[in-house]
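Here you go, one structure.
Order of writing sets the chain letters: A, B, C and D. Residues in each chain are counted from 1.
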Amino acid sequence: MAEAKAESLRARIYRALDPEARKRGLSITNIALAVLIVVASLVAITATEPTIYAPYARAFITAEWVFGGIFLVEYLARLWVAAERPGAGGPWKARLGFMFSFSGIVDLISVIATLTPGTPAGPLLRAFRLMRVLRLAKLGRLSSAWRHMAEAVSSRRSELILSLGVGVGLMVLSATLLYLVEGDAQPDKFGSIPRALWWAVATLTTIGYGDIFPITPVGKLLASVTAITSIGLIALPTGILAAAFSDAMARHREAAPSEDEKA
Amino acid sequence: MAEAKAESLRARIYRALDPEARKRGLSITNIALAVLIVVASLVAITATEPTIYAPYARAFITAEWVFGGIFLVEYLARLWVAAERPGAGGPWKARLGFMFSFSGIVDLISVIATLTPGTPAGPLLRAFRLMRVLRLAKLGRLSSAWRHMAEAVSSRRSELILSLGVGVGLMVLSATLLYLVEGDAQPDKFGSIPRALWWAVATLTTIGYGDIFPITPVGKLLASVTAITSIGLIALPTGILAAAFSDAMARHREAAPSEDEKA
Amino acid sequence: MAEAKAESLRARIYRALDPEARKRGLSITNIALAVLIVVASLVAITATEPTIYAPYARAFITAEWVFGGIFLVEYLARLWVAAERPGAGGPWKARLGFMFSFSGIVDLISVIATLTPGTPAGPLLRAFRLMRVLRLAKLGRLSSAWRHMAEAVSSRRSELILSLGVGVGLMVLSATLLYLVEGDAQPDKFGSIPRALWWAVATLTTIGYGDIFPITPVGKLLASVTAITSIGLIALPTGILAAAFSDAMARHREAAPSEDEKA
Amino acid sequence: MAEAKAESLRARIYRALDPEARKRGLSITNIALAVLIVVASLVAITATEPTIYAPYARAFITAEWVFGGIFLVEYLARLWVAAERPGAGGPWKARLGFMFSFSGIVDLISVIATLTPGTPAGPLLRAFRLMRVLRLAKLGRLSSAWRHMAEAVSSRRSELILSLGVGVGLMVLSATLLYLVEGDAQPDKFGSIPRALWWAVATLTTIGYGDIFPITPVGKLLASVTAITSIGLIALPTGILAAAFSDAMARHREAAPSEDEKA
């Protein structure tokens, strides 16, 4: 009898925690946890700002312990209810399976990161916590959107890798040219190819911080050609992705014309 | 008899004021009001510039009162003729309907904003006035263009939200990395994740103000990877939107092949 | 007899000067004139640079007179041979037709601009000369490319104008917000909406000169939202144009499947 | 007998060196050479940085000689086994064919560049070495991706050239306007059209280094119009390429619907 009740409690917690256990929509627990993860991440981001952290150090430390406690309880609960997952074999095998699954490892790291403040890599591990929100992406519309995007990107991965290769090649080429042409005029900025590469990256991605740019006429001429090339460099992957998305949609419609209406 | 004449006047004013009351084209009143709104907005924008405002303060104040008066008369006229709207029930019900409709509220706020100069939020409310030009967007070609765009964007809203999520995730990730790597070298610029986020936003959107950029070799290397990623971040939503617009056009043509010629 | 010879000379000059008189390819005269226009424009551009102009002033003045002379002779020749144009009516009517045609006016302005050095608007009129190269765009492949592009752009002009409207609206909105938030901290940069608009334009077009950017936390937060919006603002017209070009190509192929091979 | 063994050795080396000699995948030799080329290029790039080169000059010089030796041996080996290439005629004719082929010349220049350190153009020739990695692009998926991209770009080359022409025209026009408007206020920055062109390039490609921008109200107004135009200038080639890629995919699927699965 007690066993049956525990079973039923475990099953209920499982349905509350695992978004895949429900047909559609999110359980209140999942929404609350997602909000908590975002809040905890915002707190962790803010905590790195000394002018905010200093006067409220106690509050930040308390908050981290509270978040850590909740995430620890959540982790243990997930471990416990893993046995409910359909087709997982025995309960302990299912729990081991969860521990070594991608989301299980992300969860464990998140808990450890929250409960060990002061480590140098702490901020990175806490930013990492945001990945846990990804769990929600398994749901309904978002899940199919993920699949669409992944399909479209991966169907054209050769072209995208080639675009990247062409881009990197152009960066090396223009950095080399500007090193040769501009190196004498601005040795601290264009005095080596690695230094000139910093300029080439900022130029070909059209960021243009403005910390480094040619000042000689020939350098400006070559930089102008590089700058105009940058439009092509942005247009190439964009055009490939646009075509890939169009293609994916067209295939989709042909394969299952009514699925779009259902989704 | 006088009633009939008033009726007819009200109906005429209604046709002059409401762009939906006409099959095609704009009434002269509508064009005049649109021009007036744009002029009033330009005046309000210019009025915030002290070097222009100071010598012509009187002219600006007078202009605001004139615009406010015209908009007040227009608002009252719209309220009066709301009764002409087909299917609105009784005249007072129609007027209440207009008062609490989106465009009715925008109109009222515009009038109040114009007639209460000197409030701190004044400029915002006056910029808000530009929204009234949207009323013209209900017409013919523009209206169908709006619908097309809204359809295309909303049909891919899951993918667009995911792109935004991926973008924000990348911003947090690269900000965290540069905070760890560059924080010691430039504590005032990369000394916290919020500060580094300002850099990440300017870099991943390819704006690159140049007020903040890494100076250490490792920081520049990571920033270069971020910069190259920014191209993908721009290409992703652009590709999705391009495919969505293509798809919307293709559907449209299939559904009603001759509508394009008519529109 | 002499008349017949003159006729034949005029016809030959006509075929040499007018790209439309030939089925395909360009006459040597046309190529030479195109090269001359580009060279003359480069000379005119270079002539504005005082450090280059000063030591070679004589050479520049001579070059301008030579170019002016050639363009004058060309203009008179075009006027003379305009009579050869098929379906132009009488020879003098054809000449008047050429004088008041778009390219005739462009040619005349170019000649006058070249032969009147030293006027303040001179550089603009000389840059204007580049428009004469457009005459070559009437030919074969380029002509059909022009037509394709014009068709694609104009078929979606309502959407493109709306995008522009949305963009300008966003600029005004974010400029107003930053004026309210950042105006006190940086009165010389954000002290009025027109000043803040300069920031909004540089941000929403992702140019980011770096002469003006927010420094307060709230200003940076709002600017980050604006910056992220800028991606959408670029993606919107790009997506519309991509879809329009796809659509134009698809229609084209359906209408005349073999024309592409012929072109 | 010895001849037969040598033949067989030559054939084996040929299969190891030429990626086209294999149906799919890369030989270990090819992968090793590709890695070596990338490493040698990275070393050459790093060697230009004085702060890294100075303390390790000996190591860098040794590395260059080692790379040069390996590339020399590889070049001679390729020359020897060129005779194995099917349909090449006699062995010496095949070798001459390789020597004067594009990749043969690239290889020879790479060897010479590596073995002649200290020449002024050395860095450029060594960056040039990266082109040798292109040999791998002949393979399977990458090769068909190259072909797709080349087809898509070249099918719309007229439109892309026109976009470039329109872009350059806009640059000259806006540079001329800002030279006229802003030249007096900032003679060192906008005092000639070539100087203003540097601004126009940085603006219309949305790079915006920030070394040069208008400061007068009229200059800022014209620059804002130019800035907004820049979005169209980026959208145009992107849209054309997107449509071209879509079109290429659609044709491809129609022509050989099952090839995509095979590739």
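The rule we apply is simple: a residue touches a chain if its C-beta (ideal position, glycine included) is under 8 Å from a C-beta of that chain, and two chains touch if they have at least 3 such contacts.
Keep in mind that this is a model prediction, so the values were computed, not measured.
Student: Among A-D, B-D or A-C, whose interface repeats C-D's (more than half the contact pairs identical)?
Tutor: A-D
Student: Taking each chain's centre as the mean of its Cα atoms, which chain lies farthest from chain C?
Tutor: It is A.
Student: Quick one: chain B and chain D, Cα centre-to-centre, how many Å?
Tutor: The separation of the two C-alpha centroids amounts to 43 Å.
Student: CA centre of chain A versus CA centre of chain B: separation in Å?
Tutor: 30
Student: When you check chain A against every other chain, which residues touch at least two of them?
Tutor: Where chain A meets two or more other chains at a single residue, that happens at 194, 197, 202, 206-210, 234, 238-240, 242-244, 246, 250.
Student: Help me check something: in the complex, which residues belonging to chain B touch chain C?
Tutor: 41, 44-46, 48-50, 120-121, 123-124, 127, 130-131, 137, 141-142, 144-146, 148-149, 152, 164, 167, 194, 197-198, 201-202, 205-211, 233-234, 237-246, 248-250
Student: Quick check: in the complex, which residue numbers of chain D touch chain C?
Tutor: Per the stated touch rule, the residues are 158-159, 161-163, 169, 172-173, 176-177, 179-180, 191-195, 197, 202-203, 206-210, 213, 217, 220, 223-224, 227-228, 230-232, 234-236, 238-240, 242-244, 246-247, 250.
Student: In the complex of these two chains, what residues of chain A are touching chain C?
Tutor: Per the touch definition, chain A meets chain C at residues 206-210, 238-239, 242, 246.
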